[in-house]
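Since the structure comes first, as structure tokens, the remarks are kept for the end.
Note that the chains are named A, B, C and D in the order they appear, and that numbering of residues resets to 1 at the start of each chain.
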Amino acid sequence: MATSPLFTNLDQIFMILRDWLAGFMPAAFRPAAGVVLAVIAIVCVFPGLFALTTVFERKGLGRIQNRLGPNRVGPYGLFQPIADGIKSLTKEDIVPFSANTVVHFLAPLSLVVAVFMEFAVLPMGRNMVLVDLNAGLLYFFSMSASTELSVFMAGWSSRNKYSLLGAMRAVAQMISYEVVLLLSSVSVVMIAGSLSLPKIVEAQNSYTGIFPHWYIFTPWGLAGFVMYAIAATAETNRSPFDLPEGESELVAGYHTEYSGFKFALFFLGEYLAMFAISGLGTTLFLGGWSAPLSFLTFIPSWIWFFSKVMLSIFVFIWMRGTLPRLRQDQLMNFAWKFVLPFTLLNLIVTALWRFMGEGWLRWVVCTAILVVAYVLMGRVEMRSEHFGPRRYRYAE
Amino acid sequence: MTTPLAGYLLVAALLFAIGLAGALTRRNAILVLIGIELMLNAANLNLIAFWRFGPHPELLTGMMFAIFSIAVAAAEAAVGLGLVIAIHRHTNTTDLDKMNRMKG
Amino acid sequence: MTPVFYVLAALTLAGGLATVLLKHLVHCALATTVAFAGLALLYLQLDAQFAGFAQILVYIGAVAILIVFAILLTRGAELPKDGVFSRTWFVGLVIAAGVFAVLGWAVLESVRAVPQQMAVPAVTVREIGIALVGRYVLPLEIVALLLTAATIGAVIVAMHEKERPKP
Amino acid sequence: MMQEYASVPFQPATQCFVSPIITGLWLIPVAPMVASGVIALLKQPRRKFAASLAVGSLSISMLLSLLAFCHVVAGWAHGSVVREFVNLTWFRFGSSTVDLGWVLDPLAAIMLVMVSLVGLLIFIYSVGYMAHDENFTRFFCFMSLFAGAMLGVVISNSLLLLFMCWEIVGLTSYLLIGFWYQKPSAAAAARKAFVTTRVGDVFFLLGIVWLFSQTGTLLFYNHGVGSLEGLALVNLLSQHAGLGLSAAGAIGLLIFAGAVGKSGQLPLHVWLPDAMEGPTPVSALIHAATMVAAGVFLVARVYPLMSIGAAPHGTTAALTVVTWVGASTAVFAALIAVAQNDIKRILAYSTISQLGYMMAGLGLGGVAVGMFHLITHAFFKALLFLGAGSVIHGCREEQDIRRMGGLRSDMPLTFLTYAIGMLALCGFPIFFSGFWSKDGILEAAKHWDISKGPFYLLVFGALLTAFYMTRQVCYVFFGHWRGHESAHESQRVMTVPLAILAFFAIALGVIGTPAWPWFHAFVENRTASFSWHGFAEPGLLQLMLASSLVVFLGLGLGWRLYGNKSPRPEAPDALERSAPWLWAPLRDRLYVDELYGATVVAFYAWWARVADWFDRRIWGGIVAAIAWLFGLWAQLNRLLDIDWVDGGFDKTCEELSSGGGLLSRVEGGRVQNYLRFLAAAVVALVAILLWSSRP
């Protein structure tokens, strides 16, 4: 079934489309044309997804808070994003008087560009990857790292203490959780033996019986995925880690002073970052575009990828609707005293897993180590770190 | 049509000189550090260029050297900036011309 | 000489110059990141993917941020009153020029000795990894040690002394 | 380069398929060791956590041991291979490599289960026993370390690894005997134990070195090239070490010397009674059940070395030595035990004598006979010790049996279990495991055709055993209470292990009866079959009858002398009244300690004095003379300095400082200046370099 021509055509439909379109070019330019087409596709698809997600999020939050979301524009308010887009395009673009104009202008651009770059290495389906770098993971992280700077630029150039504080928080938080993000994905690299994301997906794309070999179904994989999810939430400044934009404390964080289209750009950037990071998580732990059960492989791979991504987006929204916000010191304690050590331990466990060879023993040992460590660190040691009132160090 | 080694070396040399100039002429300690970072990067460019054009690129020597020196540079930046901050807290200045006392 | 190379070299050097010349410290820092990015692209030109991405990750992702933090922590953000260049800036300039002269001379001297062969080495990350844990395992360990020491040192140096006398 | 990766230790898969039970065998000893490491890091108040960690880790290793045991039994039942091992290269120098490894065979499997089970019970017991001690966590740290090392001894497939674990065992024994180091007696006992066992270990080490030099490997089993396998043994047998011993026999005897030290055989038994200074669970675990058994286990492990070259039903010089040492120890210790008044000392001496039995069993009847007695003894002796501990606990730390009595009503459960243990030790017929195991030894001794001496010795030992155990029980549990304040039964956590041990003390006999010698078959890898004809061998029934008679005789004698009459604590012992000439030497432990004191210790003291005298007089004198000379010289120098040198020196200094003043302008503390000088210098240097290197 998985080999019928219809299936393959459906699965590869975008490839076929691209090649067909590129076919109109003279042979010399075809590869370039193919790349350009792919880029265009990415640049069109994900903003569209972003538009949908905004409605999705607002309505979802509405449901969680027991109210109807936007429901005026179009059927079920589906055209809301269009309206928002028009609004933000037509609004006046206010730049504070004392702002550092150039930087203030460059910040959103660089942010969005860097985020778009991240999508270049994500395999969104069988053969559906723009470039298959053999250092793909590293590339992804380097791009996501370079967004921090634009956040800082935005915060600093607005000459507004709320913005600056927001930016500082954001940067500090992103840096400290980026470490975790990297380390938790290193364990996947250790097992898959490659930094290239398509290869990592291939490594997970096989089945015992009907069950897939996704890494999340191993002790270290599960632990790594949980750590990754936490870090990803913090990395994208989403609730409960959304201190940088904590309305109650600093008006809107680093994009307080932005309005109109630049603000829209920031908004877009955040959501794209969410997509990208969920896509990476899907690729690393949830088997990328591979089907969850062996008899479901007839459904095209890209559908699987996007549905997994949207699922994790839904989880993001869910958490935002449910969890209260942390405090800065709690955030940092959590990062450095619990998440990071546990991730490091997870690396060691992965190494054990790698070297203990096949057999049930490694399951027992790895699970035991992780559980014990979790109990000791999470329950026993963090007990002293109970989230009590804050001791202000500088308020003497 | 490819770039010869000399091109890269010249760029590296120029960058090194710029970094040195920055380190020598600016007042601010942080900028001196930045200049030193630039010099280190120029050196890295050299290393990688030599690796690429050398007789045995498969041995990875130059590349490894560059990677290690990146790591070391990161450490250096951390410690250096830490020192600058400590000094600033101590003497309330980052101006090298004012920082000329041998003892705090 | 390819145009790409020219563009990248120009970008890098412009970033470097801006770093040295700009008045405002934060601008300098940002300009530095431009230089770093240009260098990373040059590495890619030299088929050194890994080094290039590592460069972006470490320098733009970490060092630049570090510098910016340092600038803000030392109130370097506002402009100094008496000029940004030190009193004896001229000497420094001369010496730098001298260094460049000597280096350039050296390069041009040695350029004819360099073979122009261009065997594109297909270096995968895997090989780099094997080399790292194989031939270069000792440097790797030492660097790990160094980084640890540096982290601790930086923290201790920059930490607030608690028993500071109240002014 | 890939070759190097192929020899990464974590790849036993380089051999053919090995089940994870074998590859994971190392977890058994490692679990308690890790636990002890963690406990060592804990703070004192974390008592509950420490205890649960120790017990938990040991129960993990017990489960794994059971798994391993079932694995071996299954392999044996299917007639497939029963000995599997994993070897790793530790390091190599020159051409020869030093390998470590672990092995799983019937011997190891049985010992694993025994050690981990008894150990676990004792751990649980000591949770209650040590509850009031302030060094609770330290105790469990040492205990777990000991358990881990002991399990390591059991599974190790390399004499070297075995020796390491052996030494850790010795160390923990030292630490635990001296656990209450504030008691000087305890500290002394610990030191004594350590030093005495060292004496044996030196010979052991010699044996190891000799073996390595002869065979080039320390692995026991390694696909036919191990040191206990054909090639090596034949090679060892072929060469003579004098005294009618082959190299194999000589090495075996050297290793046996180590065993003598560890399990308190005749010349080196003196430390074991003093070791009772430690907490009672320690005495039970280390000095009754496991560690002292390690010696016996070692002999059983290297048995091929000793038995090689024996004719069928014949024996070798080495085995003869083992037999005689064991038999004489058995009687010797039993004699002393008759006249002791400390409840734990009596048990200690009985342990020594039982170990003698085991050694004799090994020498006479081979591995199975000795090991069977080891296993049964481990259980009932642990039971007796824990019972003694419960008695001591109940009597407020009273250890003198003359100050107890009538406890059978005060602590019934303890009395019941203790009685079971005592009967098992005496070898009460049919129902108790001790009977069967001891009977096996006696039978073997009877058929020994070199001499009948050991047989009579062992029978006499059995008589004595029954006698002194009866004496002790009468003193402790019968008559009326002679202590200070009344006794009380111990709490549940202590009595439950007693009950379990008691069950084993009875039940274990079943697997070793002549009718169904399952145990022997398993150890010697034969097929076991049940048939009553086992009893039909000539002389077996008579022998059983005789030994039962002996036991009854001993019990009767004991009851006759001590039964149910409770003498005042100060009153002389019944036996003392009847035979003082016999009593005195027995009470003083046949003067062995005094003998050592008069010879070895005295010699060392004398030697120390001589060395001291040398230090003070000869070397001290020389040093003093040299010092005086130097003093003189120094005076001279001083005069020179003051008069001539200083003047000129001051002048120079002034010059220098003025010059330095000039130079210090350069050191303005300006970082950038330094940098400038640096750069300028570099420019100059490079320029010169290039200029000079121009064509």
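Methods note: a residue touches a chain if its C-beta (ideal position, glycine included) is under 8 Å from a C-beta of that chain, and two chains touch if they have at least 3 such contacts.
Predicted, not measured: the structure shown is a model, and the values here were computed from it.
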item: B-C compared against C-D, more contacting pairs; value: B-C
item: Chain centre separation (subunit B, subunit C; CA means) in Å; value: 5
item: Between subunit A and subunit D, centroid-to-centroid distance (C-alpha), Å; value: 58
item: Between subunit C and subunit A, distance of the C-alpha-averaged centres to the nearest whole Å; value: 29
item: Sequence positions of subunit D contacting 2 or more other chains; value: 672, 676, 679
item: Subunit B residues counted as touching two or more neighbouring chains; value: 20, 23-24, 96-97
item: Complete list of chain pairs which touch one another; value: A-C, A-D, B-C, B-D, C-D
item: Subunit C-facing residues of subunit A, complex; value: 100, 103, 133-135, 138-139, 141-143, 145-146, 148-149, 152-153, 156, 164, 168, 171, 175, 178, 193-196, 393
item: List of subunit A residues in touch with subunit D within their complex; value: 355-357, 359-361, 365
item: Subunit C residues within the subunit D interface of the complex; value: 86, 88, 91-92, 95-96, 98-99, 102-103, 105-106, 109, 130, 134
item: Subunit B contact footprint on subunit C (complex, rising order); value: 1-2, 5, 9, 12-13, 16-17, 19-20, 25, 28-29, 32, 35-36, 39, 42-43, 45-48, 50-51, 54-55, 58-59, 62-63, 66-67, 69-71, 73-76, 80, 83-87, 89, 91-93, 95-97, 99-100, 103-104, 107-108, 111, 114-119, 121, 123, 127-128, 131-132, 136, 139, 143, 146-147, 149-151, 153-155, 157-158, 160
item: Complex interface listing, subunit D residues touching subunit A; value: 8, 10-13, 20, 23-24, 27
